[in-house]
Amino acid sequence: MIEQLLIKGLSLGAIYAMIAIGFCLLWQSSRLVNFAEGEFVTIPAFLMVFFYSVLKLPFAPAIIAAIIVSAFLLGFVMKKTLVDALIARGNTPFVVTTIALGFLVRDSLTVFATPEALHFPSMIPQTPLQFGGAMFSSLDLWNIFVAAVVIVCLHLFIRKTKQGKALQAVAQNREAAGIMGIDVQKMILMAFVINAVLVAFSASLAAPIYMVKYDMGNELGLKAFYAAIIGGFNQVKGALLGGLLVGLIEIFTAAYISTQYKSGFVLIVLIAVILFKPEGILGTKEQL
Amino acid sequence: MKVFETRGLKKSFQEFSALKGVDIHVNEGELFGLIGPNGSGKTTFFNCVTGTLKCSGGNVFFRGKDITNKGPDAIYKMGIGRTFQLIEMFPRMTVLDNMLLAIQESQGSMFGRLLTMNEDGNVKRALDLLGFLKISHLRDEYSKNLSYGQQKLLDFGMVLMTNPKLILLDEPTCGVEAEMRQELMNYIRDLNKQGHTIIVIEHNMDVVMNLCTRIAVLDAGEKIAEGTPEEIQNNAQVIEAYFGTEEDEEC
Amino acid sequence: MDKINQGMRWQKMVAGSLCGLVLLILPSVIFKSQYFLYLSSLACIYMIVSCGLNITMGYAGQISLAQAGFLGIGAYTGALLGSTLGFWVTLPLGGLIAFVIGLGLGFPSLRVKTHFLAMVTIGFTVIVYLVLMNEQQWTGGPYGIFNIKKPSIGPFAFTSPAAYHIVVAVVTFILLFFAFWALNSPWGRAFKAIRENEGRAEMLGVSIRNYKLMAFAIGAGYAGVAGGLIGPLFGYIDPTMFALGFSFLFLLMVVVGGLGRFEGALLGAIIVAILPETLRFAEQYYPIIFALAAVLIMIFMPKGSVSFVDWVYKKLTGKEELQLTK
Amino acid sequence: MVRKIWLVSFLAIVACTFLLSSPVSAQQDKVTLAIVAEQSGGGAVVGERWTRGVQMAGDEINASGGILGKKVEFFIIDTKTEAPVAVAAVRKAIASNPFAVMGPVYSGSSIACMGLLAEAGIPQFVASESPNIATKNDPKNPNTFLSSLNVDLSVQKVANWITDVLKTKKMAILWVNNEFGRSGKDALKKVLTPKGVEIVIDLAAELGQSSFTGELARVKSSGADTLFVYMNEEESGKVLPQIREMGIDKQMKIIGETTILTEDTLRLAKDAANGVQGHVGLSPAAAPLKPVTDKYFAKYKEYPDHNFYKGYISMYVLKAAVEDNKSFDQQKFRDRMKNRVFCRKDYPGILMDVYYDGKGDIDRQTFLIKIENQKQTMSGILQPMNPGNFAGCK
């Protein structure tokens, strides 16, 4: 039973981790927290359904198209409109605005698209696999694999490329980076685009499990947020750890502690982290 | 009698140390000057003393009590008031509200304040002070609409509201018109005569030399000299530290 | 001069209060339809919540998403203890319990950053919801609690919607009056100072933590009292009425109305409770319009829709702002 | 200050005028019915189906001359799937003084507003299957009528099938943590335990939950021979593929009630739903409902769910009772609805014989369904609880 829970927990955690990493990148580059992150997952999911089921594109092009469009909408447009308008006023107005934005996305989708849950096929065929006592599907390994590839690529990008290093510099000290000649605005734009791509990937992984629905992002966004805080808001590796932890906690709580209070347990962990180690498990203290 | 004293006060920001163990003591009723070139750590010294910054080492004593690293609100209520070099105001509050805020927390209990309807005493005191500072016509103006000099005066007025035992003035005359400056100096002297102990950071040498009874000089976070104005003026180390920075009159 | 001002201040206060009370009670007299009476009562309840939240958020600058949880605590206090203790005891009791829990929740979490506080309060709301849902033996679980009685004084029962609206209106009036009083007392000045320049306020002796804690707890207490009014209004409560979504709604309510403006929060409550009715033609689009308006208001009108009222006021009277609080 | 007061009063008056300008007036030759249902929010889909059912029956009735010569006129009010909004919606409906209120679907909303309607004396048909509705009705004068068997009665009917046909000894229950799931779980426990079925484990799922690994791992190791899934369509659709993935369907029988057998569940679960069996009150697979099913399919290009039939049949029940009384008197209507059987041979529109007891509860034939090739197929009929009540319909 434990290996079953582990594999499933990691598969779920991989999705959370990708979204949580998006959170962290936004925070690092712009010191903003996006409360509409869940809806940022819903939008690419609906785009995929739109391209695949409505426009009848083949599967792979549909997903690629959805990723490109969401990178444009959630990265570029978002940066040029909301972020540019609000960043000077600090985090709180942005938090409130993104809460409103979340409502806007959900309500628009119910009215203009559909309030129903939609089925969406997975990227690879779902074949049942067995490992010891654990029975799972190829999809779980695929989730872990995709998340690992995306995260490794991101890591290499941040550590090895010039752009990535500039992003790191901005994360450490925005003013100093600006003085050093780094175009901070461009870095923020880049972070938003990367975030959009990350959530689009996680949407493609989440859609077969979560079903495409206007409120699918509620749970995903919250869980990813928990993950980012538990792991550490200012560390990509923290968000990764947090995501996996949240996935595992969720499944192990349901299996061993209580099904009725399963969403409460992760919150207790979260509140404990906030109160006793606000920087998160792997996070570093920030000098603000 | 020492009313205020620091022993080995240290403050460092990561690798940079702004204060490297400063010992200063001020006697009751003194008008003490603190000078030094730009970046020598004068304002950092004030910030550490008033609790705005956490000290990295050393101690601060006020009337015999160790107040090191106490909260700024507690230190204020113990009777240390200060003004600021760079303006720190409540931009969308009226001048009168700024003044009243300066005193309300030092009176009564928190819940008592909730039930306060009558603040006439404070209002009267605030208006008197504003009158003296010649800005009483601005009482209902938002403080953000005041000129720099007027804000400076308001800042000065606010520190006087509570009648603090020890007043820290950070460049009080900087940016104030020349005729007002003379009056301010007189008022500072009057305050001092009334029994207030005052520490002044000043750029303007004339002001310090005329005003203060004793002066300490900071340079790069260290006290390099201390004494009467005459002693300081003739101190070779001080002259060296100030050499070439004299023309920098801006604040 | 100041003596005269003092006298006028009292006069103004009494006149303004009477006016407010009459306005709040007015629907009981003019509306016959129980639907409009219900809307009026709901608007009053929302006003209580948003007025409290405005103190927490608009004045002390903390994002709280715990409002739905506190509302639930107040409502269940009323529903569970109402039959033994009576409405008049449980109403303030619910507020008091929420206030105390607010203190307990705020005390450790106010030192963390804004968005962390938002998370702690989200967590709180979710946990309250889970408890209400799962502790069926006490709370009735998802079945909720039925037949919540409307209050009575002696032989006179406030059973008709019009009579109950009077109760709601009077409670609303008392709470708004207290908030108005507090915001005009030195507390209001301290709240404002914290919002404008926290560091400087602290250097003037303002105990940031105490004031923020009080602001948070007052917001909680207000939501608790509002919860106590909800039960008798619907005659029924269940946990879904206190789900997290409502916390978000309350937050937007204050933002759309006008953060940090006493009258702004009230306007926000009215917009949320009543405007959907006047925009009947847009029925299904209303939530979209509201959310879009909230986004646009945050960007272009940071002071909220009350700044539109200011604009009208300026056109009418030539004065800068319609400001009820200092 | 005086100006401020003027301004505030002015704004208040403007607001009031807005409010006062909306009553709907009823016309003489028409009878008004209010449809109070979930048009948006989480229940939008089922609410929509219920509304379609009521309206389709209404259109048919109008085409054949109306009720007692009066045309039926509907107005629809949205509950947004929130109980408080439902209460508001019903208050709004009462203001227009309809003959009856049709809806809502969700139990919480239904229960929240039934008191108001009883006070106003306006009869109500609900799509909810909560056992609490009948108990909340005035025992002497029920005002709220169900349109399908309540959960307790359904479970009693299905219990014999579970013990006798499925031969279940140990059962696991997976229920969604809302009014629907919890009442189902409670009823199952209450009814099956005395019959010697051991409920080895019962696990709650959250509304809209997506990953069921933890719960299913426990089900798997519980040693149960039957898993009863008592969840809404969305959760059922999500859980079935996961049940299959973990091989639980090979280990035990997967059964359920109504929701797990609907088209919406099938649409999400695809072939993972194959082999699921269960009990439904009304389903497209049921033979007697076929004509309406076809009509619905022709119009909307999808198969209806039980809520559609409930709405459709309720309209015809209403018509039958009113025509029996030969008047639109609401008190007479309530009296007529007590302990009364409506036979299909007398009123073809009701599709199946139906009995209303003295508390607003309903009794009739129900169906056993099995999912094969992603289609619902009828595998049996369960006779009414008290066949004696239907003697007149033979």
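Going in written order, the chains are labelled A, B, C and D, and every chain counts its residues from 1.
Note that a contact is a pair of C-beta atoms (placed from the backbone, for glycine too) under 8 Å apart; a residue touches a chain by one contact, two chains touch by 3 or more.
Values in this document were obtained by computation on a predicted structure and should not be read as measured data.
The minimal number of chain-to-chain contact steps leading from chain B to chain D is 2.
Between the chain pairs C-D and B-C, more C-beta pairs are in contact across C-D.
Among the remaining chains, the Cα-based centre furthest from that of chain D is the centre of B.
As a whole-number value, the distance joining the C-alpha centres of chain C and chain D reads 36 Å.
Centroids built from CA atoms put chain C at 42 Å from chain B. Rounded to a whole number, the gap between the C-alpha centres of chain A and chain B is 50 angstrom.
Annotation: 33 Å between the Cα-based centres of chain A and chain C. Looking at chain A, one finds that residues 111, 260, 263 touch two or more other chains. Across the assembly, chain D contributes 40, 177, 204 as residues in contact with two or more other chains. Shared contact sites, meaning residues of chain C that touch two or more other chains, fall at 133-134, 284, 287. Each chain pair that touches appears in this list: A-C, A-D, B-C, C-D.
The touching residues of chain C, when paired with chain B in their complex, are 2, 6, 182, 185-187, 189-190, 192-193, 196-197, 199-208, 210, 214, 326.
Residue ranges on chain C touching chain D, taken from their complex, read 12, 15-16, 19, 23, 26-27, 30-31, 33-36, 38-39, 42, 133-134, 136, 141-144, 146-147, 230, 234-236, 238, 240-241, 270, 274, 277-278, 280, 283-284, 287, 309, 312-313, 316-317, 322, 324. Considering their complex, residues 33, 35, 82, 85-86, 89, 91-93, 95-97, 99-104, 107-108, 111, 222, 225-226, 229, 260-261, 263-264, 267-268, 270-271, 274-275, 278 of chain A touch chain C.
Contact residues on chain B toward chain C in their complex (touch as defined above): 50-52, 71-73, 76-77, 82, 88-94, 97, 100-102, 104-106, 110, 113-120, 123-124, 158, 162. Put simply, chain A touches chain D in their complex at residues 1, 4-5, 8-9, 12, 110-111, 115-117, 119, 126, 128, 135-137, 209-211, 213, 215-216, 218-219, 250-256, 259-260, 262-263.
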